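Sharing a structure, written as structure tokens. Questions coming.
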Amino acid sequence: MNAVLDFNTVAASAPAAVIEHLRVTFTGGASPVRAVNDVSLTLKRGETLALIGESGSGKSVTLRSLLRLHPPKKTQISGRIEVSGRDVLAMNTSTLAAFRGRVASMIFQEPLLALDPVYSVGDQIIESIQRHIKVSRAEAHARALKLFEQVRIPSPERRLAAYPHEMSGGMRQRVMIALALACDPELLLADEPTTALDATVQIQILLLLRELQSRLGLSIIFVTHDIGAAVEVADRIAVMYAGQIVEEGDVRTIMRSPRHPYTQALLQSRAHGSLAKGSRLATIGGAPPDLANLPPGCAFAPRCNFADDGCKQSEIALVSLTPKHHARCRKTEQESPPSGGEG
Amino acid sequence: MILFILRRLLLAIPIMIGVALVCFSLVHLAPGDPLVSVLPPDASADLQKQLRTLYGFDRSLPEQFVGWISRAVTGDLGTSIASSRPVTAEVMKAVKNTLILAAFATMIGFFFGSLFGFVAGYFRDTFVDKAASFLSVMGVSVPHYWLGMVLVIVFSAQLGWLPATGMGSGGSANWAWDWEHMQHLILPAITMSVIPMGIIARTVRALVADILSQEFVVGLRAKGLTDVDVFRHVVKNVAPTALAVMGLQLGYLLGGSILIETVFAWPGTGFLLNSAIFQRDLPLLQGTILVLAIFFVLLNVLVDILQTTLDPRITRG
Amino acid sequence: MNAPILEVKHLTKHFPLKNALGAKTGQVRAVDDVSFALQKGETLGIVGESGCGKSTTARLLMQLIAPTAGDVLFEGKAVGSSELPLKEFHRQVQMVFQDSYSSLNPRLTVETSIAFGPQMHGVSARDAVVRARDLLDRVGLDPKRFAGRYPHELSGGQRQRVNIARALAVQPRIVILDEAVSALDKSVEAQVLNLLLDLKDAFDLTYLFISHDLNVVRYISDRVMVMYLGQVAELGETESIFATPLHPYSQALLASMPSMDPDHRTEAPPIAGDPPNPINPPSGCRFHTRCKFAQAACSVNAQPLLAYKANQHYVACEFFAANAHLSIASTEKAAAELTEVHA
Amino acid sequence: MNTFSIATAEKNVLAVEQSPGYWSGVFRRFSEDRIALFAGFVVLILVVLALFGPWLVPADPYQSSMLKRLKPIGTEGFPLGTDELGRDMLSRLMIGARLSLFMGITPVLFAFAIGATLGIIAGHAGGWINSIIMRTIDVFYAFPSVLLAIALSGALGAGIGNALLSLTLVFVPPICRVAESVTSQIRGRDFVEAARASGANAFAIIRVHVLGNVLGPIFVYSTSLIAVSMILASGLSFLGLGVKPPEPEWGLMLNTLRTAIYTQPWVAALPGLMIFITSMSFNMLSDGLRSAMDVKQ
């Protein structure tokens, strides 16, 4: 089944994904929008990284850059992206097409929008398999059936013939996952895969992803605005704000001792169970900056309780607090870092 | 699906009755006595009365309507006042000729319309798009009867390549699949194709642009499909609507052929209508319009059913 | 106990479904025999997943759609009766919608939108504008800067503040908040939740707070009502519901919340499958198809809300009906059993 | 009765920053669209010709002469030649704008008034009112537009009034359909629900919340029909069912010159060119308006 592509022989030891100094600017509108500003990341093989942030933080843009899904005419990308040792930004059209869906594949937030409405879901999976692997239609069909069983779609044979609009939200997202896994990719990119789902369905999908990850040894980048979802699936968390990673570390560290004021505020502003009745939520004043008109220094400085003039002057470097914990904040270096976080 | 077809047909019945009512009213909208054109000016009162009874004009309007429509259902649309021949036979022969012209025009229009539409939609906001869009605006803006004249001036009067009028040599009113008749078809068919070309091009452009901006196209690229594969998906998404528009255009051409048929002296329904109007041949006018409108209603039903069959979102939703 | 400010009795909404020929083939039982009361000054939260009927309930309460059956009483007076004409009811009860953009007229300035309601109730144009500007100030938007703006010039959070001001403009006593913060980013959500608490005190309001987010509902509500497929599954004081959920569905819903603790992640999904479609829902207890404790009787009997623990906590479940002969203490034991078996 | 008149309310309770409204944005986008501006300029010229034609023409457009029949383009004294009765083509084309534009625009104006009213009522009311209006409209929609126009004119007889009447009837159904569909879309939006929930009656909701959102789209759609109306109106005259001779109207001129296509083909084609230019300009103007109003917010 797994016809060996030359892809699989390349650099098995290389990290699953490396992003270096990624900048993405959208030039379609009146003034250029700097959606991603100098993002660097490394994803080890078999690791799950959650990229969290609010809308407009650049998390989805970063994720889509890994497959170069942005419209080329309206997008400037600079920096370096490597997936399993392959330089993504250097690929030509046909290499890129062979790479997408085969080495790295993607799960979208709204499967109803991300699946072609006029093809049955089975056909869409079979199409993907036959695009990348030399098999007969019958073999591809059999593989699609197996995938459906793997993502636990009940009565899979019947569901293969269904169209996207005939399925429930949870089933559609399972189809999306099956589609993403169709050609045994090494890297799975998940763009808010559970945001549109109901609570009881969301947890099923999260646990399914976690299970598939460990069973298939997948490397996953998981984009979400929901910290809870990130905690359920991720080994590591990177927090994004205004197109930059402001803090990065393993899940426990980020949850227990966040060091960047934005991460702290984000964790504190959540309504949660341990909150005393009638107490007020901690809030972040103001609004995220305009990406077409970013301030020179730390983008969070205008909303930050700890910011001083130094924060507003020049770009802030990422500070390594431990070898595995980094924060983009001048104040973390100082003697008494802003304390906080929820224990 | 069968339920749907049944429902669609049932829905068409009240519309057809309404259509019949409008056609019937046309005669009574007309100023003056409907008999005036057949009666000799010095006709005796007796003859007038006789003819009035013959054409049924002496009965009450509802009676006339019921009588007319029940005969129409059996295929009897009365007798032409001018030619004294049965209206049904005259109309059906003309419909056949118009259908040939309209079908060719629709095919030409659909081919070029889709071509321009796809090109414009794919290269949105580029020069190519602007050029293709300009052509389609021209298509819907040109007075086609004038275009017909211009084509006759250029290709018949000046160059002498093609015949200017008629369906065949010597005023032939019987179609045959030979080069002689085809030559006569070329100019009117091209003239007629301009409007559907423009409309189909604009529709397809909007559809293609809309589809290309949808998330599932990103999804298709994300799974590694090439531009050719994506194009196939786009076509399948566009097809139901584009074909529906084409079907409707065929209907419009069938009913709207009068100006072009007049320019090219094509012996179809438009030509018939023209002579019916100017000879004040009311039964013929009524019958022709009724047949064309019923054709149009049925074509609408057919198009709806076709679109529903092609589009899984409607069929199974 | 005081007389409730708003009382809902056997509220029912069925949307008929017809086949292509117009024959009735079934019905969407969007809301089915829902009864509850709203006490003056409290916040009642309604939680449930998509299709549970919570938004339909809100629209029924607001008389935006006509109920199939049931009554709404405001201070004991039937809404729409000669005692309480619809227009007067609409002065007392207002609503904030989820989609902040769609709920503002794009062609009107913010202050015109806010001033519209009062004018419909006889306030002069000039006074209505004064009131609109005062309210803008109260919801944290500087009237000087915002009164003359159009909806598309505002952020989601700002628009939702305008919608709140608009609802308050007729000086209502009850505000129905239908997923009013669901579309907002977490940090903005916190700001709006705080604002809602402030306004409640300032204007002496009663809230009906509808949301799918359990954390938010827990934070803001005094009492919580859990809905499943158009019916009330459980109703009680917030702490009671969250500490001792009785209905197996409530238990599953609570257990589906992500854990937030990296060391104690959710092990297995508490419940399988998607919520069923409210078209022709299951017979008996609607949850029995997904319930681990379902017995034969559950598919036949639909239990009404049963009082548990001194009338403060109600549950609609066969388990508690079957053990109705038990003393309250042993019912409590039964609840604990249910909870344990489940955990 | 409450009056809703914020516009007239005193704005100076507090000095407030006023944002530019939607229409000023439309105007700005439209003024940046060079094609639409050009089309608008052409339409403006035609309107000037229509209004002031009699004072602008170089020669008497009714003055015929058997000696000067069918002169070619460029003849001295007749820059665009003469027609089959020896009348000056340039003058006739110029003054032809008057009747041609009138015949093209008036039916759409009438149809806009009737169709928009019916459609907005049907769309906002829904239920059986909607059914009655829309099913009646469906019957007229079941005729291809050209057929309906010609059938009506044919039955009523030639003449300006009858042509206007039948063209109006042709354009009511499509405008009504568009009006109904945009209105029911707006009706489903939350802000209309919110207005209902604030105790407003149907009249106030339509006036304040519906009209402002639907009139624009209906109007733009109607302007796109002017192009069709121009072609159809001239087409009726071309068939001899509209304007009667000797009035100068482009369609009629095209008809009377048809016999001259072998002798003076280019002179014969001129009136059609005018129809083409006019219809094209209205189409481009309408396209420009549409894209100026279509904002992604």
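The chains carry the letters A, B, C and D, assigned in the order they are written, with residues numbered from 1 in each.
Rule of thumb we're sticking to: a contact is a pair of C-beta atoms (placed from the backbone, for glycine too) under 8 Å apart; a residue touches a chain by one contact, two chains touch by 3 or more.
Just so it is clear, the structure is predicted and the values come from calculations on it, not from any experiment.
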{"item": "Minimum number of chain-to-chain touching steps separating subunit A from subunit D", "value": "2"}
{"item": "Winner on C-beta contact pairs when A-B is weighed against A-C", "value": "A-C"}
{"item": "CA centroid of subunit B to CA centroid of subunit C, Å", "value": "55"}
{"item": "Distance between the centres, which are taken as Cα means, of subunit C and subunit A, whole angstrom", "value": "32"}
{"item": "Interchain centroid distance [CA atoms averaged], subunit B/subunit D, Å", "value": "23"}
{"item": "Sequence positions of subunit A contacting 2 or more other chains", "value": "none"}
{"item": "Multi-chain contact sites of subunit D, meaning residues that touch two or more partners", "value": "none"}
{"item": "Residues of subunit B touching at least two other chains", "value": "none"}
{"item": "Complex interface listing, subunit D residues touching subunit C", "value": "2-6, 8-10, 13-19, 21-22, 189-191, 193-201, 204, 208-209, 212-213, 295, 297"}
{"item": "Residues of subunit A defined as touching subunit C within the complex", "value": "54-55, 154, 168-171, 198-204, 206-207, 210, 225-229, 231-232, 251-252, 255, 265-266, 269-273, 275, 277-278, 280-285, 287"}
{"item": "Partner subunit B, residues of subunit A touching it in the complex", "value": "64, 67, 69, 93-94, 97-102, 105-106, 108, 110, 113-120, 127-128, 131-132, 163, 165-166, 179, 182-183"}
{"item": "Subunit B-facing residues of subunit D, complex", "value": "135-136, 138-140, 142-147, 150-152, 154-157, 227-228, 230-231, 234-235, 238-241, 251, 254, 258, 261-262, 265-266, 268-269, 271-273, 275-276, 279-280, 282-284, 287"}
{"item": "For the subunit B and subunit D complex, residues of the former touching the latter", "value": "14-16, 18-19, 21-23, 26-27, 29-31, 137-138, 140-147, 149-150, 152-153, 157-158, 251-252, 254-256, 258-259, 262-263, 273-274, 276-278, 282, 285, 289, 292-293, 296-297, 300"}
